[in-house]
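Read through the structures below before going on.
Heads up, the next two complexes both have chain A, just with different partners, chain B and then chain C.
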Partner chain A sequence: MSTEEEKEAEKARKKAEKAKRAAEFAAKNPNGFTKPKEKLSKAERRAKQEAQRAAKANEADKSKSSSKNPKNPKNPSSNVDIGSNNDPQASASRQVLSSSPQTLALPPPILNNSNGNSNRKQNTPPRKSSTSSNVPFSQPPSTLNAQSLFSHLSPPMKPPLTKTLSPPPQTSKSIHPSTVTLCNAYSRFSITGSNSRCIAMLECFKKIIGDYEPPKDKVMSMDLTRVLKENFKVITESRVHSISMGNAFTFLKNFVTKIKHNEETSVSKDNLLLAIDQFIEKTVQFASDVIAKEGSTKVKNGDVILTYGCSTSVKKLFAKALDQGKDFRVIVVDGRPELEGKKMLGYLQELGIHVTYVGYNSLSYVMKEVSLVLYGAAALLSNGSVVCRVGANGVTLVAGAYRKPVLVCCETYKFSKKVQIDAITHNELTPKPDEFKSSPCSDWVGVKYDVVGEGVAGIVTEFGIVPTTSVAVILREME
Partner chain B sequence: MSSLTELSSPFIEIVLKDLLSFMSSPSHSDVALPVAAMKVMLNVIKRSKAITMTGLLQELETAKEGMLGLAASKDICGFRSHIPLQSGCELFMRYVTRSFYEMSSDFELCIKEVLLRGETFAGMSLTARQSIAEHGCEFIREGQVILTHGYSRVVASLLKMAAEKQKKNFSVIVLEGRPEGGGARAAAVYSEANIPVTVVLDSAMGYAMEKADLVIVGAEGVVENGGVVNKIGTYALGITAKALNTPFYVAAESYKFARLYPLNQADLPRVETGELRFADTTLPGKLEEIDVKKDLITVDNCVIDYTPANYITLLFTDLGVLTPSAISDELIRLYA
Partner chain C sequence: MPSIYSPTSASLRDYLASHSHLLLALDTFLLSLRLGEFNNPSYSDTPSRPNEIPGSPSFRSTESGELKEETKEGRKVSRSALTLKAMELVRSIVGTTKWTSSGELLIILEALGRLFHSSYAKDPCLSNTIRRLMNLVRTVEEDLKTPQPTPGALSVNTNLPLTTDPGGVPSGALSPPNIISRSTSTPSMTSALISQPQNASTDLLYSNLERFRSDSMAESPEPAGVPVPDGPLNPSNVEGIAKKLPPYFFEYKAEFRQMVMEGFQEVIDDLEEGRREINEQAGLHIHSNEIILTYSLSRTIEIFLLHAHQREKRQFHVIIAEGAPHFGGHVMANKLSSKGVRVTVINDSAITALMPRVNLVLLPAHAILANGGVVAPSGSHLCALSALANKVPTVVVSSLTFKLCPMYPHEGQDIMQDFVSPAFLGVGSESDNVDLICPVHDYIPPELIKLFITNVGGVLPSYVYRLLSEVYCVEDPIIFK
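On to the complex of A and B.
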C-alpha cells in the first residue's frame, strides 16, 4: 500500500519536473509552430509565472493526496470532463485545443493541434479579452468541454460596436461612413447569408471607390489597395468575414493592382465599378440562376424535397422547378436559434408550393418520405468538405442513414483552397440568445457553421453537378 | 426552331440509313454503337451545306436526336441503354466545337480540319479497346479466378490478351447475364482462347464471389460522379464484391464518359424493353411458361443499373487506369 503511494508520488514528481522542463523549453522557444509570440507586458508575465507556480503547487498537493489524476500539470480541474483518460498524449492535445490564440483571423492550423505538444499551453499568453471565459477553476464541470473546445474562437461581437466605430485616429480618414453602417448591420446579424453579405460588402466598396480621390503624391493602385484593406479590416472586426467575402475581396484587390499608372482617375474608377457590378451580376447572381437550372433537372414529379436553412440558390431552384411545371413538395426543417427556415417557408408559400415545416427534432421522422435533400453551402473546401449552416451535418447524417441523396448548392466563387476536417478549428461563435440572458446557466456555446465531410452525393455548381472530390480540379480550372 | 423542321425528315432518313448500314455491314460487326454514331456524324459534316458553325452544330444535333429516337423505338441497342450512343454523339460534338474554337475564323478551312480530326477521333475510339486491354491485363496474375458479368467486348479483349499474349494461366467465372444470356456467348469466346470458364446463374453471384480474386466488368456509360451504368446486376455484383473485399474493376472506353449524374437507381434514364417471360427450366421436356399476366402482378424488366463510385476500385480506360474520382476530373476538363 505504502509502496504504491510512493510510486504514485514518484510519478507525480517526474511529471512536475517534465512540466518545468517544458516551461523552460517554451521560454526558450517562444515562437512555437504557428506565429510569433506577442510581447508580454510585465504584468502579463507575472500572471503567467504565477499560473505556472500555482499549477506546480497544485500538482504537489495532488501527489501528496495520491489523487486519481496526477498527470495533468496545468489544469487539474480540466481533467474532470476529460474523464478517466490518463493518456498524457491525449490530454495534452486536449489542452492544446483549449489554448487560445489571440485572433480568429489566424486560427491554428489543424495539424498543429494534433501534435500533442504540451508546451503550447504555457506558451500561450493570457487572454486579452475578459469577456471570453477563463476556462477552468470556476466553471461547473459539465460546461467545460464545449467551452474549452471553442475557446480559441473570438467571442461574438456585441452591438453597438463602440470599439470599431472609433477607428484609430491615423486611419480614421480612410474608413468610409458606409463601412461603419455595414459593420453595424453585420454585427447585428441583419445581413446574413454568404451571398447577401458578399453583395453588401461589394456595394459598400463601390461607395468607397466612388468617393475616393487619390492623393497627389501617391500611386492610385497602391493607395486604393491600402484604403480598401483598411476598410476590409474594420469590416472583418465587426464579424468574421465569410469565405465568399474573402474571395470577392481578393478579386477586387487583384483588379485594383492592375490599374495603370497613366490612366485617368475617373476612367480607373469607372472600370473598377463596372468590374464589381459584373462580379455581382455574373459570379454571384447569374451563377445561382445556372445552379437553379442545373439542380432543377434532379427534381422529378412526385418528389419530396427536404431543405435546411435559407439559401438563395435553393430558393431559385425551387422557383425554377415550379416554372418547369414539376409537381413536388418541400419539407423545411428548421433549427434554433436563427430559425432561418421561416424565411424559406414564407418564400415557398408565396410561390404556392406545398410546404411542410418541422423542427429539427422531427428530422428522422420526416426523412422516411423524403426523396432528395437539398441545402446551400457557405463554402466548399479543396478537400471536398462543405462548410454550411450549423445543423446541416446532422441533416446529412440522418439522410445517409435513410439512404437519401444529398445535393448541396454552391457557386464556385465560394470555393476555397483551404482544408478543414472539422468545425472546431475554424468557426464563428454566436451571441447568447435573449431568452437565455437571464438564465442562471451563464454559459452559452453557439457556433455558426458545420463542416460536412461525407455523405454529400453532389455539389450543384454553375458548371453542372460535380462530386465533392472535384472541388480541387474546379479550383485549378478556374485559375 | 424553323431550321430544325426544315432539316427534318429527308435529312434524318439519310442519317438513319447510314447508321443502320454501319451497324449491319459485316466488316463493322465489332464496331460499338457510339463509334458508328460518330462515323454517321462525320458523314453529316461531309454532306453538310451549312455555312456557319451554328448551322453545322444544328445539323449534328438533329442527327443525334434522330439516332436516339431510332434507338428508343427500333431497339437497335438490344437489351442495352442508349447512354453510350448519346455520350458518343455528345463527345464528338464537343470535339467539333473545340476544334472550331482553336481554329481560325475561316469556316471552309475549319471544316477540313474538323473532318481530319474527326477521322482520327473515330479511329482513336476503335483502338481504345486495344489500349484498355494493355492497361488492364497487368492486373491479372497467374492462377487467379476472375469473375465477370455477361459479355463485354472490352473485357473479352482484355482477358484474351492476358491469356494469349502474356500466356497467363487463370480461370474465369461468368454470370449468365439474363435476359440476353451474354454469359454463354462470353464462355464460348473465352474457351476458344483456352481460358477455363465456369458459367453460373446470375443468382449465384454471392456463391461465386467467394472463389473470385477480382471482378472485371464492362460499362455502357461512365457517369460524372465516377460510377458506371451497366447491364442489370452490376450494382449487386459491386455490393457483393465490396462486402467480400474483392477488387472491382471496370473496363470502359473514354467515349462512354457520359454527362449524367445519377443520384440513385430511380434517377437513371428509363430504358424501355419488351416484357420478359418466365419459365421453370428445371422441368424436363418442353418449357412451360409461368403466367404473369394476372392482376396485381407487375413485371419490371430494367435492363441497366447504376453502380456508385464507392464500389469501384479502378477503371481501365484508354486514357489510363483511373480512380473513380479522376473520371469527373476528366469530364470537367472536357466540358468546362
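On to the complex of A and C.
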C-alpha cells in the first residue's frame, strides 16, 4: 500500500475517532448541555441507534460466524448507511471514510430518483452518507422498495477502491499485501465459485504464514490467530465469505491453536503450510475427484444431462464420464447477468461433448428431453437445504415438474451446521449491472444464491450419493 | 357479381375482383402481416436490440435508445390494435360485397381466415376473431331460423317466387338466371333465390370451380365489366366448412345482413372495451402494500396495474422479471415507474429466490387454450411453478376476445412455438458441437393457474371450455388451413 493511501487512511481514522468521541459524549449528555443541539444531527442520532441495534444483533448471533468480533457499538459511523447493515464486519471498512463531517453535509445525490428507490451506487462513501441522511429516512416506514426487501442484507461491495480496503486502525500492520490483492479480486468478482475462492484464500494465508514472524513477547499460536483473524475480516469485507471459506478458516484456526509453545517457529510454520496444502489437496481437490467418480456412475449412454452454472466437480464429472467412454450430451442453461455457463460451455467444447446452450427462459422448453439434472452447490445446510448459484432453484422446480432426477455435487467441507429455509433471510446482494446504472427510474435487485429446499434426489459427496436429509448425520459423523 | 364457392385465396380474390379498393386494403394488410409490422414488441420476430453487443443488452434509457423505442412503437402496434384493424377490414369486405346467404358469408370468412393464417400463423388472434365472427353468423342464422321464416315476409323483398319448401331445401332451378348489371347497383337481394350452379361464377382464373361450369358458359365466357349473373349458392357445390351446413344456410333472409352487421359491431366494441372491463376488477385483486411479480412486457397488465395505482390508490410494489430474450421487463419497468409505481427489475434467474416475498404473480397470455392452459412468454412457466411451490397465486390477466383458442396443447411446450435468435447470450453458433435454442413461448398447464382475470370477469381455468362453446362453434375449423 502506498504511503499516500496510508496517510489518507490515517486522516480518516482521526476523523472517525473524533466523531466517535463526539457520539460518546452525546450519549453521556443526552440533553446536550455543553454541546449545541444541532450538532447532534439526525444522522448521528440514528447512527447511534443503529450501532446499538447492531451490537444487540451481534450478541444474538455470535455463534453465526467464526470470524465475528464485535465492534464498538458506540461508533457513530458504523452504520451510517441506511441503517440496513447489521453486520459490523461489512461496514468496518467504510466507516472510516463515511464518518467525515463534510460528506454528511453534501447535498443529496442527483442519482436519487423520486421514489427513493435504492440506487446501488450508494456505497461510494460520500454518497452513501448523504443518501442515508436524506432519502431513505424521509420515507414512511411502510414503504416498500428493493432496499426494504433486503434491508437486512449488507449492500453489495463496491468494486475496487483500494481506499475502502484500508484496514481498520489498530490492525493495519497485520494486513498482508496479498490479502489486499485477494480482496480486490473478490470484490471485482474475478475469483468466483466456492472452491476457487476457498483455495485462493488458503493460498493467501500460506503467504501470510510464510512471511509471519512472531513478536518476541508473544505466544505464536495466540498472535498468529489474531493476525489470521484480522486478515480474514478484511477479506470478508471485500465480499461476504462463502461457507467453504468459513469452514476452511475454522480448520486453519483450530490447527493454529494447537501449535505447541516450545516448538521452533520454522517447524510450526512448515507444519501449518503442510496442513493447508493437505487441506487443499484432500478436502477440496481429491474430494471433487471422488465426486466425479461417484457421480459418473449415474451417467448412462444416451443421457441428456442438464447443468446450470459452472461447478468444478461437475466439470470433473463430465470429464470422468467421457473417459469411461460414455456417450452423452449436455444442455448448459445459463442465467444473466453473470452467464457463468459460458465457462462450462467452453470446457465441454474442449472435451468435445455435444452441447446445447440455452438461456434461462428456455428451461421449460428443453427440460422435456433431459434425463438427468446436475449442478454444483455452494454449501449444504444441516436442514437439507442446498445453497447454490441463483437460478438453480428454478432449474430444480422445472425438473420436478417434468419428473427428472436432480443430483447436486458438493464436497463435504462445504457442509454447514447453519439452517436456512429461503433465499431471502441470508443472501448476498450483487452490484447493479452497468446496463441499469443509466436507468432513469427503475430499481434493480440481484442476489447471488438460491436455497433449494426440496426436489433434490441426491447429493453426490465423496462419501457417496446421499439424500439431503443426511447432511446433519454426516456433519455429526465428521466431528 | 360472382359468387364464392370455395374458401380459397383465389376464389376470394375473384369474388372481390370488382372491388379493387377492398382487394388493395386486403393485400396491404396481408403484406404488412408478412413483413411483421404488427408484431407485438414483446413477441417481435427479431431480437429487440440487434445492434447492441450481445450479452450486454443495455437499458433503453439513453436518449438515442428512447428515440429508437419510440420509432419502434410508432410502427409496431399491440395485438389488440392489430385485431381491431383486421376486424375493420373484415367488416368493410362483408359490408360492401353482395353475398346473399349466411353460407356464402361463412365461405368468405373462412377464406379470410385462411389468408390471415397463411400470413400470420404464429399469432392466433386473427384466426380467433374470424372464428368468433363465423360463430356469430351461425348464431344469427339459427336465431332467424327458429321462428320458422314465413314465406310472405321474405317474398316482400323479392320479385321471384320463393323456391324453398318448409324444410328449407331449395327446390332447384325453377327460374331463369336473373342478369343484373354491376353498375346499376341494384340490391342483390332482388335476385336472391336463383340456384343455378351454371351461373354462379364467371371469370375464374385460378379457382377450382371450373368443373362446375356448364358447357354453355364455357362457350360464351363473359368479359369483365359485362353484367354477370348473381344468385344464391348451390349447397352441393360449396367447399370448406360450408359443405356441412344445413341447406337453410343458403337461403336468403332479408334481415340477416342487418343483424350480422350489428353483431360485428358488438364484437368490435368488445375488443375496444375489453381492457376497461379488466381494469375495473383491479381493485378487487390488488390490496395495499402488496408485492406483485410480473413477467416481461404486457400492455394489459401495465394498464391493469396503473389503474390500481392511480384510480384505486393502491400502494404496491411490482417486481418485474426482465424476460429474456426480448427483455420486455425493462420497457415495462420504465413505463410503470414513470407513472409512479414502485418497480424493481430482477434477472429471470432470481425469480425463485424472491418468490417467498411475493404475494401475487400476474402473467400475460399469448393465447388461452381449450383446457385452460396458457401460452405465455418463455420463462413464465417457471414463474408459475415457483409461485405454486410457494403457494403464491398465479393470475393470468388477459382479454378473452381474441386470445381464447379452441385447440388443446397436444404438442406440450411446442404449441404455437416460435424461435428467435439467441444473440443475447453472446455465443456464436459457428462453433462446432454447439446448439443454441431460444424459444419465444412457454406453455403453462392449467393446474398452475389460480385465476384468469378477463373481460368477462374472473374465470377458473376449468371453466374455459364452457366459454369456448359460447364464442366458437365446434364445426368451425380449429386451424384455418
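As a working rule, the second predicted complex is superposed on the first by the 327 of 479 C-alpha atoms of A that agree within 3 Å, B and C clash if a C-alpha of one lies under 4 Å from a C-alpha of the other, contacts with A are read in each partner's own complex, and residues count from 1 in each chain.
Please note the rule applied: a contact is a pair of C-beta atoms (placed from the backbone, for glycine too) under 8 Å apart; a residue touches a chain by one contact, two chains touch by 3 or more.
Everything numeric in this text was worked out from a predicted model, so none of it was measured.
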| item | value |
| --- | --- |
| When chain B and chain C are modelled together on chain A, clash or fit | fit |
| Contacts of A:Ile424 with chain B and chain C, given as first, second, both or neither | second |
| First, second, both or neither for A:Leu322, with chain B first and chain C second | neither |
| Touching partner for A:Asn361 - first (chain B), second (chain C), both, neither | second |
| Contacts of A:Asp450 with chain B and chain C, given as first, second, both or neither | second |
| Chain B versus chain C as contact partner of A:Val398, first or second or both or neither | second |
| Residues of chain A touched, compared between chain B and chain C (which is higher) | C |
| Overlay on chain A, chain C to chain B nearest C-alpha distance, Å | 18 |
| Footprint overlap on chain A, where chain B in one structure and chain C in the other make contact | none |
| Chain A-facing residues of chain B, complex | 224-226, 259, 261, 263-264, 266-267, 309, 325, 328-329, 332-333, 335-336 |
| Contact footprint of chain B on chain A as seen in their complex | 298, 300, 371-372, 403, 405, 407, 457-458, 463-467, 469-470, 473-474, 477 |
| Interfacial residue positions of chain C with respect to chain A in the complex | 55-59, 61-62, 289, 291, 315-317, 320, 322-325, 330, 333-334, 336-338, 340, 342-354, 356-357, 377-379, 381-382, 385-386, 389, 412-413, 417, 422, 424-427, 431-439, 442-443 |
| Contact set on chain A toward chain C in their complex | 113-115, 117, 142-146, 149, 334-337, 339, 342, 345, 349, 352-366, 368, 390-391, 393-394, 397-398, 400-401, 422-424, 427, 434-436, 438-447, 449-451 |
